[in-house]
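Structure provided below as structure tokens; questions to follow.
Letters A, B and C mark the chains in the order given here, with residues in each chain numbered from 1 onward.
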Amino acid sequence: MFNDSLKQLSKRLADREISSVELTTEFLKRIKQLNPQYNAFITVDDEKALAQARIADQKIATDKAIPLTGIPVAQKDIFCAKGWLTTCGSKMLSNFVSPYDACVIERFNQAGAVNIGKTNMDEFAMGSSNETSFYGPVRNPWDVAAVPGGSSGGSACAVAARMAPVATGTDTGGSIRQPAALCGISGIKPTYGTVSRYGMIAFASSLDQGGPMAKSAEDLALMLNVMTGFDARDSTSLQRETEDYMRNLEKPLSGLRIGLPKEYFAEGMSSDVEKAVEQALGEYRKLGAETLEVSLANSSLSIPVYYVLAPAEASSNLSRFDGVRYGHRAKAYENLGDMYRKSRAEGFGAEVKRRILIGTYVLSHGYYDAYYIKAQKLRRLIAEDFKRAFTHCDVIMGPTAPTVAFDIGEKSSDPIQMYLSDIYTSGASLAGLPGMSIPIGFGEKNRPVGLHIVGNYFAEARMLNVAHQYQLVTDWHQQAPDL
Amino acid sequence: MQWEIVIGLEVHTQLSTQSKIFSGASIAYGAMPNTQACAVDLALPGVLPVLNRGAVEHAIKLGLAVGAKINSPSIFARKNYFYPDLPKGYQISQYELPIVEGGNICIQVGETEKYIRLTRAHLEEDAGKSLHEDFHGMSGIDLNRAGTPLLEIVSEPDMRSSAEAVAYAKTLHALVRWIGICDGNMQEGSFRCDANVSVRPRGVEKFGTRCEIKNLNSFRFLEKAIDFEVDRQIDILEDGGTIRQETRLYDANKDETRTMRSKEDANDYRYFPDPDLLPVEISPAWIDQLKSVLPELPQARRARYISEYDLSAYDASVLTSSREIADYFEAVAKQLPAQAKLCANWIMGEISARLNKEDMDITACPVPPEKLAALLARIHDGTVSGKAAKTVFECMWSGELDQDVDAIIETKGLKQISDNSAIEKLVDEVLAANEQQVADYRNGKEKAFNALVGQVMKATKGQANPTQVNAILKKKLS
Amino acid sequence: MTLSVNDVKQIAELAYIKVSEDEAKATLVQLSDIFNLIETMQTVDTSQIEPMSHAQDVVQRLREDVVTESDQRELFQSVAPQIEEGLYLVPKVIE
């Protein structure tokens, strides 16, 4: 049952083979059993979860169930959920019980899903290893010595360790895709503007995008059907016709043109990752796809550009955490200014402070043009590279991360090495394009490798089709760590 | 040395919308603390701003009224600084591409007209309030005002005296109320001025170092603060000193300005385009639609009053000092177009004095325009004298006889005697009874004529038409 | 570009984050590395390029001017560090 797909679980619920309360109880038990070691959840609330499960059971009993009714969903602790502690992985919000629901949470509630718990994450989503969390690192279910990736590391771990059937994540520069890859699961960051950011605690507003993490592309499609849609409370939410992300899953891939950016395959990728990617591409050719070389000439600049724009926006977004209206307030202070400075110094961890400082600097007088404006111009060049590439191909493929999961502590003292984990994912974020990662095998130390698939704007259904067809002929996505 | 004063004003007008600029909370004044601060206003984690159409429309209207350029796209930017009444740690404002750029306002100081250029007007959100009553050595923060829409209207440094600055502020104040974008309530902070003041030797082109004076919430304070600041700067310069660029605060109790912060302490606001808000596009069709609902502007109306009603520039200016007065005048004058001057005199005289006395606004005037017009018509057709009309007016003010002019005249016996034969008869009687004065007049004593008029008027208890009495007397005595 | 410890302290001051001398020194090393990485941006000529602020080329949607929010003070202040008489309390604000 823990390995079941959403369709299978829904069928069990519909057939009254199991109730949502029973299902929820099973997952809660598994969390109790595994979480002490893996630390994937910050908050688990049996009572709240079971209350939702009971409501779901009533819906099922009266045939009012829709897809996801009664299904436990792990929610990244970046989504505000009314009555739930919502920490964003930070000491700053370690006492923040959200008085309102994020749009994403509302949508899951409306669907009748069960919030099984709030997952651990890098503090304010800043990190690629989950080591910056105030609540301690999350461990990779495939190898407890390894990081799960980040920032949605708790969600990735929860799905990989089967503590939840599916989870939500958010992705600013790779925070869904990289942990999905490192934990051997599937994850998709949709087109910017597709999932409402309302109630999703902001890191870098122009890049942040919520998305699902699951075992398979099919499950991702079901999740996207719930998560996406216009929300008037988010000015960047796009007004589009509702789409069914399941609609293209079964289409054959013959004629699919896969673009392979020559810059990605040039250097930096470790050999085990390269091997797995080559094998996956071989599988795609067998499925009737053709591969061709494309160029993303400015891709090497995506990390520098990202590390100007994201910290700049973050430095401003995180100014609201001042200990006045909510959140951490220093115990002792001399005056108002001291209260601010101490509360912020105590409430934020090292990486968050580092990024606030970078952002403050690049926006400050005299540096704005040289850094911020320059980065925004390069952002356009990076987006145009993708645009050009998509005139030749339908999807772009490459590795999600340059290496398999690294060890806990291995890169935590070297920010630059850590930042380079997002080298393949940050480009699509800057362009606002949808990107996903699916498991394609194992590399060094038997740690998972992910394939990165980038599609054109709003091509999610096509990408899910591309991933699903691969998952029909392979079983990497069904492999689970033996826990 | 002869000094020239240079003044530019920044005026924050609170826009009279229903809801806040980026949230659906009410902006009504005077609510209990923090009861009108919603999740967005409190900057809870995860909340986002959505722009209020009404605020944008108000800004466009101001732009149209001052002949400015309406920028499309217009961009919102974050102004970053920390303050407890600023929940997000940044204020959403505009930096590059403000909604309104350029334009000008015509002011009148004495008999001269002058155009003051506007630099720009941009939309932004107001901050909350810090209450300094003592809460065990702490301050209380009320965020009801946070997010209230403001339009900051910035002038060029075109004013050369405090009188011009006050005239500009008053004209702008009248304009924003006229076009209905701001209630202009200065006590409640709906219209707040900051003045940039500098002096330079007359004839020198380069501007002197300026100081910005904040906290000017009345026209009187604006004038006094500028006068004090000008004297202060001139004193320093004449003593061989230099002016430090700084922000100063006007203290009304002491009638002085004092340093608030120097330029060195000035914040680095780190403006950048707000990633939560997209470029605002303002279509020509939208502008046209707003143009069509914009009322006739004060300046146009003033010009029309001069040409259409043959009023003096001064009268036209007074009558267009607010839309309510102008509308009142127009409603009266429409009934008596040929007697516009009479209408103007009554509104600027009797009505205005009476309103002042009762501390009332013209919108609360108990005598509606059509009733006043009826009264003025009776003056014009000779039914009542000007003097009697004032008595009628008082009756109307207090609501007697349903404000029916004719009924009041009738009941109070205020009707003027205009019957020629009746007056002739009276005149004959007066002449017969005052032979001495008749003789005096004929001997060249002009004064005797007036005495005779007086006698006739007295005999009619003032009700005879004086013009007719004069004419008849003249005829009889010639 | 070279940063100094003083620069770090000044940036921290702008960001309202208290840093000790030691923290400033440690941060300096990391920030310098990061800025070296960032500096690689300067190798590309962007003089003819328009800055890109948003991922999508769309315009701001406008909200109708209606009041949609009601008083939730009690709920919102349930997470406040210090309140009194409906006000958020902070150390004395000096103007």
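Observations on the model:
As a working rule, contacts are C-beta pairs under 8 Å (C-beta built on N, C-alpha and C of every residue); 3 or more make two chains touch, one makes a residue touch a chain.
The chain lineup, named per UniProt: C = Aspartyl/glutamyl-tRNA(Asn/Gln) amidotransferase subunit C.
Keep in mind that what you see is a predicted model, and the values were worked out from it rather than measured.
If the chains shown are joined wherever they touch, the resulting network links each chain directly to all the rest. The chain closest to the protein's centre is C, with centres computed as averages of CA atoms. Between A-B and A-C, more contacting C-beta pairs join the chains of A-C.
Remark: chain B and chain C have CA centroids separated by 41 Å (rounded to whole angstrom). Rounded to whole angstrom, the centroid-to-centroid distance between chain A and chain B, based on C-alpha atoms, equals 57 Å. Averaged C-alpha coordinates put the centre of chain A at 23 Å from the centre of chain C. Of all residues in chain B, those touching 2 or more other chains are 39, 42, 44, 50-51, 82, 84, 139, 141, 143, 268, 270, 275, 277-278, listed in ascending order. Across the assembly, chain A contributes 96, 99, 206, 232, 235-236, 315, 319, 322, 324-326, 336, 340, 360, 364 as residues in contact with two or more other chains. For chain C, the set of residues that touch two or more other chains comprises 14, 16, 53-54, 58, 60-61, 63, 72, 76, 82, 88, 90-93.
Considering their complex, residues 79-80, 86, 88, 93, 96, 98-100, 102, 197-202, 204-206, 232-236, 312-313, 315-316, 318-322, 324-326, 336, 340, 360, 363-365, 368, 372 of chain A touch chain B. On the side of chain C, the complex with chain A involves touching residues 7-8, 11-12, 14-19, 27, 30-31, 33-35, 37-42, 44, 46, 49-56, 58, 60-61, 63, 72, 75-76, 78-82, 88, 90-94. Those residues of chain A lying in contact with chain C across their complex are 95-97, 99, 192-193, 206-207, 232, 235-236, 238-239, 298, 300-301, 303-305, 307-308, 315, 319, 322-327, 329, 333, 335-342, 344-345, 348, 353-354, 356-358, 360-362, 364, 370-371, 373-381, 383, 415-416, 419, 430-432, 457.
The part of chain B that touches chain A in the complex is made up of residues 39, 42-51, 78, 80, 82, 84, 87-90, 139, 141, 143, 268, 270-272, 275-278.
For chain B in complex with chain C, the residues that touch the partner chain are 17-19, 23-26, 32-39, 42, 44, 50-56, 73, 82, 84-85, 130-132, 135, 137-143, 249, 260, 268, 270, 273, 275, 277-281.
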